[in-house]
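Next, two complexes with subunit A in common: one pairs it with subunit B, the other with subunit C.
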Partner chain A sequence: MKRAFALLRRRLIGSIPVLLIVVVGSFLLLEAAPGDAVDAYIVSVGGDAGMIEALRQSWGLHASPATRLAAYLWSLLHLDLGHSVALSRPVLEVVLERLPNTLLLMGSATALSFFLGTALGIVAGSRPGSFRDRFLSIGSLALYAVPGFWLALVLTIVFSVQLRWLPLSGMETIASGKTGFSRALDIARHLVLPVTSLGIIYLALYLRMMRAGMAEVWRMDFVVAARARGIARRRIVWRHVARNALLPLVTMLGLQSAAMLGGSVVIESVFSIPGLGRLAQEAVGARDTPLLIGIILVSAVLVILINLAVDLLYAVLDPRVGASEASA
Partner chain B sequence: MAGFEISRRKVLAGSAFLLASTALRSIGWTQARKGGRLVVAADSEPRNLNPAIVASNGVFFVSSKVIEPLAEASFDGQGGLDPRLATSWEGSDDGLSVTFKLREGVTWHDGKPFTSADVAFSALSIWKPLQNLGRVVFKNLEAVETPDAHTAVFKFAEPTPLQLIKNALPALTSVVPKHVYEGTDIAANPANNAPIGTGPFKFAEHKAGEYYRLVRNDKYWREGEPQLDEIIYRVLPDRAAAAGALEADEIQLAAFSAVPLADLERISKVPGIKVIGDGYEALTYQLVVEINHRRKELADLKVRQAIAHAIDKDFVVKTIFLGHATPSTGPVPVNDKQFYSSDVPAYAFDVAKANALLDEAGYARGDNGNRFALKLLPAPYFSETKQFGDYLRQALAAVGIDAELVNNDSAAHQKAVYTDHAFDLAIAPPVFRGDPAISTTILVQSGIPDGVPFSNQGGYKNAELDALIAKAAETLDDKSRTGLYDQFQKIVVEDLPLINVAEWGFITVARDSVKNIANNPRWAVSNWADTYVET
Partner chain C sequence: MTLSRMARSPEAVAGFVILGCLVLMALAAPILFPRDPLSIAGPALLRPFQDWALPLGTDRLGRDVLAGLFHGARTSLAVGLAAAAASILVGSVVGTVAGFAGGLVDEVLMRITDAFQTVPGFLLSLALVSVVGPSLSVVVVAIALSAWTGPARIARAEVLSIRERDYVASARVIGMHPLEIAFREVLPNALPPVLALSSVIVAAAILTEAALSFLGLGDPNRVTWGGMIAEGRAVLRSAPFLSIIPGIALVLAVLGVYLAGEGIVESSATRRGNA
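Presenting the complex of A and B:
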């Protein structure tokens, strides 16, 4: 327990400069992009010079970048994420509205790819070089090479347009009046295709990592010893080989969660799911600095938290982790 | 919070059912119930849904069903107009006033009566000072007198042609309730995102990123309308999604070419789906090459003529628009019955002539075969403008002009072209809105401040043209005003401040079950009161 707390403390302190770099970095990047929020807005509505000036004034874009950054950091210090200029709503409200959708999508897809990938990896890795192994390895590589949006489109054409088994897009049936369990079921039905297309691609990653890890462990002395002692093959696969190969996968899970947040932009657009990825894309298009930084900040916090959880899990799984810090 | 959401949802569903049942009773005995729910594709969610402030097609698409103008465009109505909140209009001989008789017995969605005070307030406090188009057309509006509750007299400081006011009625005169906006910060009023109007549908809810929902207004002033119980706008940001959603019957209609042109041939063969090209006659978009006249080479008329001769307009229409467009002859679209003039010079596709003109202008080909290099910025708003950029680059290469394509997103394009003037050629899709004075003359007029989108930012200045535009703005007689615009078209095509390449309306794709669509020239942005879904 002491080990875990030490880790937690160190990570939390370490994440403050990370977040600061993220905020300042994304502010500068968006500042460097040509055009500002008023330019982006005026395109869709037209208008004359007086109107443009008045908008810049009322959206607070007339001040210098340094002043605006300072003002933003100051309000951030008070835990205020500011106001979205493109949506004219508080950033936190907008982000919190979208966050559950992204978490649900991302969480389900990660779970799918992790558990299915690991399971198939164990199947492949239990007999490296067998037909089963070859088939799964090549098949997963082929899936990994497929672009996500393409897979998503093919799945929708087959299962939504032709077979009409599953809804084509959206998070749930519009104004259906469903509640409780039937609503959850409705959402689940809508999530089948996006989760599949998002999860199936990353499945290969876990499968191949598990398989490679297992192939390596098979050659180790303790496995050879176990086999020599006549322990059942099934027991060796589960207790000795798979368990030892699992550790790097947990690390991968943490790293992958960040990639999933980014990967969902495309899937969210194809399936018109109102998530964070699409919101971020819209924020860039609208040059909505407060909104974009808000999204990036929330995502960064999310990634830090997930990695923290992974580290803690790691500490539980592997007694060697964090041992030095606890004694220091 | 979750509990609240659910109960709200229940309440909404319940009230929709009640509405449906009362509708059934009132019209049940005269005709079979039409009604139904229409789900349509939407590709964007406007920041501000108030059409009185933002007169743009993206806003109208949703809000024109809720908030009505004084009159709507019509195929067969008198003067091309169908009266809505106004029943008649008459101009004085001196052009200084226009009297509108307003419809009686109209109520706002919140139950308050609609009166001339609402019109006066909308005109003076919103259209004139705040609206993107109204700031130009209503700039001389001084006062609106309201002698009684159903008469509004517009008073202008300078003579203003009635023809212009009439042409502006459909797009520029959305009336909003005075009692909701008066005394508030109009630009920040919550009703801008949950509009209250007099239209056939009431605004019910907007779920960001998912949908807008409009429900039937039972107290609509026109007997027997609206036919639909509900309109849902599903936000489908992916261009491939609309076609699939139509085929899966998840949406019943996709307007504004939400189904890409390349998909049309395939989808037109799907049973139960129809492809319609009508209903956009008053919303003609123009494909225009904007020219930066500050560039020495481009300030030379011969070079501009050479560029015009280098463009194969028929190829553009056939290959980029797949036939769903018309080659342009000038700044007024061919389909405009009031103003179009064919008495303009033509620039036939002729590479040899273009080369000869460039030689004549003194820009000989260098060792690498190029005469000079240009920066070409296609607007990113439509895939057709981007594709035309690719085409133009090749067409210019054929006459020895090396064009470097610069692709930007919307905000960057807006800044580069209209504020910084960091372009040589740009490709723009301006809209012709039924009268050249609304949004067309601004494309060539001089003296426009930097930063105004879809305006002359190319540094072009022609005193003759400016004088003509000014004169047309105060000419009251329809015939002589139209005559001035004939001259305007001729000068623009002769002097080429910009090059008009093609003009297009959009395509609607709908399920066969959707009836009464595309029945007016602004159908996609009109009120859909008579549209219904057959069940």
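Presenting the complex of A and C:
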């Protein structure tokens, strides 16, 4: 455990400069956008020219860019992400309200792609070069070539429009009055198509990685030795090959989280799921730059946290990770 | 021979055939369909295979779907190649400088790379296009902005091993300027693994461009496959072919890029293995 904590501390410290760079980048984007915070505020609240000038003075918008950057950092430290133009509400409030839906979508899609991808990867990697392997490898490549939003549309045409099995869009049936388990079931029904369209595409990644890892392990001495000793093939596949190829996939979970978050923007907008991605698209439509930047900052923090969690998991699974730090 | 080895893999052949068709479509678009693909060509919502003048039918506004497909190939290919070239260029320069300079420069450049990898790439592209405004060049920059980090990391890793080689030491001894060593001796040798990544980057760029135009953030004066899919969404129940046809083109194009890229990488790997 000491090892994991040492790792955690080092990673936390390491992520501070990264976050700082993201903040400075966001500030530059905000500066590049037409209009400033006062324009944004006035559009949503209303006011005359005198008030605009007074606000600019009091908010320090006439100061030099460096001073304004410092003020921006200061307000971020107080968890103040600014004011949304379109919604006339604090950015953080809106973002936190939408975050759970996105996390649910992302989490389910990640679980689907990880478990199904790994399982199929083991099938392909248990006999590298076989017909099964070639079929799965090319099939996964084809899946990886499919744009998520298009797959989403095609699935909607088949399952919602033609067969009418699943709801067309939304997170749950509006004003259905459902509670408890029946509400959870309703949400699950609404999430089948979004999760499938988001998860299926990344499935290919885990499949290919698992397969490549296994193909490599097959050539290693201990596997050759196990085969020479006449251990059953099935046992070698599971106990020796798949087990050793699995570890790098865990790292992929963290690395993919940013891509998953990006992918959910489009999927959420296809299915009108009120999540972070849909919010980002609304922010773009309403030219609401403060909200858009707020979403970017929150996603960056989210990605950092997910990667921290994955690192910890990795340290728990692999005793070699971080061993030097604990002894140092 | 690399070519004959590649010809033995049916996947690679399929990839090159698809890519060839794509390039031909892009080149032939202004000859076969000289009219503006955004102009009205016939009655609205004509189904495919009804009228031989408009073989794939027309969309909600009576625009020729086949012409859109051909002109869309141009946009997809141009954006994909330009964005990939830009991100490989920026990435390999950043990676080379970071790996070769080491110390503080390396630290700063790699933290910037981390920051870019922390922000979801698609959100970054979305933000840039929405702030600056949609045009073809902005879309290219937006895609490159989120795609340069991969090449940068690989180039840096490669440079770290190359800079210890004897020929770099001898370049130092004869008094070459460090920048000249970095870009004339080290960078060219660090490029192959970066270039091996290029098919993945081109494919990702094509997909990102499609997603951006699907959300209405493509260049409004050009036909894009993503835009055509979005356009078809309004009549998804009555005319699903409008969304399905450009999507198939998109899948085939990306698959072609992947297959061809894998073919090249594999054949050069076997060649190196035999040598």
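Here is the rule we use: the second predicted complex is superposed on the first by the 283 of 328 C-alpha atoms of A that agree within 3 Å, B and C clash if a C-alpha of one lies under 4 Å from a C-alpha of the other, contacts with A are read in each partner's own complex, and residues count from 1 in each chain.
Here is the rule we use: a contact is a pair of C-beta atoms (placed from the backbone, for glycine too) under 8 Å apart; a residue touches a chain by one contact, two chains touch by 3 or more.
Remember, predicted model here, so these are calculated numbers, not experimental data.
Once the two complexes are laid over each other on the shared chain, residue contacts for A:230 go to neither subunit B nor subunit C.
Within the superposed three-chain model, A:97 lies in touch with subunit B and out of touch with subunit C [touch as defined at top]. In the superposition on chain A, contact of A:33 is made with both subunit B and subunit C.
In the superposition on chain A, no contact is made by A:319 with either subunit B or subunit C. Legend: residue contacts after superposition of the two complexes on their common chain; A:169 is shown touching subunit B, with no touch to subunit C.
Once the two complexes are overlaid on the shared chain, A:144 sits against subunit C while remaining clear of subunit B. Using the contact criterion defined above for the overlaid structures, shared-chain residue A:265 touches subunit C, although it does not reach subunit B. Of the two partner chains, subunit B and subunit C are each touched by A:153.
Of the two partner chains, both subunit B and subunit C are touched by A:161. Touching of subunit A by both subunit B and subunit C, each in its own complex, is seen for residues 33, 153, 156-157, 161, 269, 284-285, 287.
Taken together, the subunit A residues at the contact with subunit C in this complex read 17-19, 21-22, 25, 29, 32-33, 138, 141-142, 144-150, 153-154, 156-157, 161, 258-259, 261-263, 265-266, 269, 280-281, 283-285, 287, 289, 292-293, 295-296, 299-300, 303-304.
Only residues 11, 111-112, 114-115, 117-124, 126-132, 203, 207, 210-211, 214-217, 226, 229, 233, 236-237, 240, 243-244, 247, 250-252, 254-255, 258-259, 262 of subunit C touch subunit A when the two sit together in their complex.
Considering their complex, residues 33-37, 39-52, 58, 86-88, 94, 97-98, 153, 156-157, 160-161, 164, 167-171, 174-177, 179-180, 183, 269-270, 272-275, 278-279, 284-287 of subunit A touch subunit B.
Those residues of subunit B whose C-beta lies close enough to touch subunit A in the complex are 6, 9-10, 12-13, 16, 39, 44, 46-48, 54, 56, 58-59, 130, 132-133, 135-136, 187-188, 207-211, 213, 232, 234-238, 240-241, 244-245, 247-248, 250, 381, 408-416, 419, 439, 448-454.
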